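The chains carry the letters A, B and C, assigned in the order they are written, with residues numbered from 1 in each.
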Amino acid sequence: MSIIKVNNLSFSYPNKETVLHDISFTINHGECIALLGKTGSGKSTLFENLIGLKVPQTGTVIVNELALVPRNLKHIQRQIGYCFQDPNDQLFMPTILEDIIFGPLNQGISKEVATAKALELLTEFDLLDCADRSVHELSGGQKRLVALASILSMNPSILFLDEPTNGLDPFWRRKLANILSKLTTHTILIASHDFPWLARVTRRSILLSHGKIVIDRDTKILLQDSNTLEAHGLPIDW
Amino acid sequence: MHLPDGFISVPVAVSTGILSGGVLWVALKKSSSSKVSRHAVVLGLTTAFIFAAQMINFPVLGGTSGHLLGGGLAGALLGCPWSAILSITTVLIIQAVLFADGGITALGANILTMGIVSVLMAWVLSRTLLALFGGRKKYLPIAYGIGAAISVLGTSLVCGILLSLSGISKAGIVIPSMAGVHIFIGIGEGIITCTILAYLVKVRPDLLPGGEEAFKGFFTPIVLIFLLAGVLSLFASALPDGLESVALDLGFFNLAEDSKNVVQSPFSKYEIIGKGQIGRSITGLLGALVCFGIAYGLASIVKEKNA
Amino acid sequence: MLDFSPKLRLYLTLLLIVGTALLKLENWNFLSIYILLSIYWVVLHGVKISKLPRILSLQLVFLFILVLPQGWEKAGFLLVRSMVCLLFLTSFLLSMPPHSFSTTLRSLPFPSQIRMNLYFTGHFLELLKEELDQMNTSAKLRGLNGTTSWLRYTNASMVGALYIRTLEKAERVNKAMHLRGFTGEFPSDFNLNNKERKILFGFGISGFLITLGSYLFG
């Protein structure tokens, strides 16, 4: 069953050349997909179009059978959890616990229920002792997990992760991979260059090049095709 | 309020320019010894932060929203009023030159009001209040919040005076108009400043500098005198005190009115004829200053004797 | 004239503003010279007419109303004089390339410490504004809404978090600069070449004579 359907989406910034050309693809429920492409290929722009932060010039986006139009925007955004490239952009409350319950409180969930869920997530991520600490005391890896927890606490059915392993050491990369592998009921789209990590976490890969989808294939098969990746600016040996 | 070009007169523009230049020169000299301003990057980034924070629309009270002005906050973050003056001056120059917000010829006046009066008033009031609260950091947000709020009112009064000196309007019209609008802006400023500092006190109290002693000696008591005798006296109850009340009840109140003064005082009954409320404020101030002077003189004599 | 460097055009703009602002009150003849010059300045910089209405701000309207009891002519003169000054500056600003703030600020003739402050502020302002915008976006995507005090608490937390990150960034930038030999002083950047000095001098003298003329022949 498709959860995201994109048809002929094109986007360009005002007075600039087109960034996304006629993009079409379907994502099914429960899939974990890698979005590949060299810097400037349009990955973050595509995310922003899918979540309604930017409006495409042409094309349609359907999320859970709802068209991405202004009247449905709030409802759709509640279903998508977006983890920014820089976790600092998401974490600004005085304590970690407050950051995680921020979303649920805005949804109208009571503080007690939200706090219970937040503590559950922190326990799962082995960060329970950080609950009353401020984000500024955490390491990069801890911040990344807390940012993810702040999204998961809202129970989204879809997750967008933008370069989630940036700046993480192997310990945190593995931890993040283990957590994502347990999220079998969520549909996940990950923009990243971390090929070995993506090979473990995702099944399918979509490759963007010059704003177009050039390849949509099984991740492991694609990552073995170094010539194709090299041709699209992603030399895998490096 | 940012005064634009073309509305203030040449004498006001020139004199405020010279006055602001003088204070800035002092600020440059004094801030170079400050821990924060020693690093140009830190001062520059703090200034950029204040500018960025001014762009946020803060919900204030009951559906209204406002923008931070930053005079009080700059003092709290930098821990030195002279650095804060440089910081806000930088913001005002950028606003004038790059955003056409505030005139070029009015820069001296705008720096005087929003960069100097605002910062110094917020600093003195906040430090005095903090000292009254025992100097504990947990009271820092409320102290600076109140200081920032009152400083906005003070700034608007000075702005009104400059406009009336420029012949824009009579003082009796422009000053109350400015003050009336800025009371609400001041409340907003106080709430925003207090809320931001409360966050920092909760999360990183170590980042809030202790506050260098910019004004030693008698500034704190003088500020207190000004507040009590000059401002609070305006709200003194008009009801008769205990003795007057008894005299009224027993019918001998008019005996005092019939007596003749040995010396005619221009400040009889704590009033100045024809000056209304302001007259009461002035007499309160004068009386307090005379008492302070006598007490200081006596204390000096006693101190010399004991030495 | 657009061949002139942004620095020279900035100085010329500032001269024109000062000349206009110091004109004698209610001398419409001399103000009309600056009105014509301001129209020329707008055309020269290729400013779109649609961007001009923003020079009439609420503050100007408020001040105009304050002066009105003293007569329409005086109030009108002050308003028009102020708007002419804004026309000069707005035309110049709208013609500036984006992200050139810090370079422009560094060329202003202020003492070294203020110049450095202007430079760092201009340089980092966009970055900090972007960080705040990102935090705002993240909050909105997480459904930010509620009472005034909750919204205020959230905004204050964002600003507070930004301050902490700003200080940490400042320390890193400071170390990076010192490792590359920064001694605490920027070289000054307001020297003009001979041709530019002559142009500036010519404009300066002309502006001074026009303004002086408004007092002598008013």
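Convention: a residue touches a chain if its C-beta (ideal position, glycine included) is under 8 Å from a C-beta of that chain, and two chains touch if they have at least 3 such contacts.
If you're wondering where the values come from, they're calculated on a predicted model, not measured in any experiment.
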Notebook entry, point to check: Which chains make contact with chain B and with chain C at once?
Noted result: A
Checklist line | Chains most often in contact, by C-beta pairs | finding: B-C
Note to self: Suppose chain centres are the mean of their C-alpha atoms. Which chain sits farthest from chain B?
What the structure shows: A
Checklist line | chain B-chain C separation of Cα centroids, rounded to whole Å | finding: 28
Margin query: Please tell me the distance, in whole Å, between the geometric centres of chain A and chain C computed from their C-alpha atoms.
Written below: 40
Next item on the list: Report, in whole Å, the distance between the mean C-alpha point of chain A and the mean C-alpha point of chain B.
Entry: 50
Check: chain B: which residues touch two or more other chains?
Finding: 199, 203-204
Next item on the list: Any chance you could list the residues of chain C touching two or more other chains?
Entry: 157-158, 160-162, 164
Note to self: Please output the residue numbers of chain A that touch at least 2 other chains, ranges allowed.
What the structure shows: 94, 136
Notebook entry, point to check: In the complex formed with chain C, which residues of chain B make contact?
Noted result: 1-2, 4-7, 10, 13, 24, 28, 31-32, 37, 39-49, 51-53, 55-63, 77, 86-87, 89-91, 93-94, 97-100, 103-106, 163, 167-169, 173-174, 177, 191-192, 195-196, 198-200, 203-204, 207
Next item on the list: Within their complex, state which residues of chain A touch chain C.
Entry: 51, 53, 74, 77-78, 82, 84, 86, 88-94, 102-103, 105-107, 135-136, 150-151, 154
Notebook entry, point to check: Can you list the chain C residues touching chain A in their complex?
Noted result: 131, 134-135, 137-139, 141-146, 150, 154, 157-158, 160-162, 164-165, 168
Item checked: Contacting residues of chain A [partner chain B, same complex] -> 94, 134, 136
Next item on the list: Going by the contact rule at the top, pick out the chain B residues touching chain A in the complex.
Entry: 199, 202-204
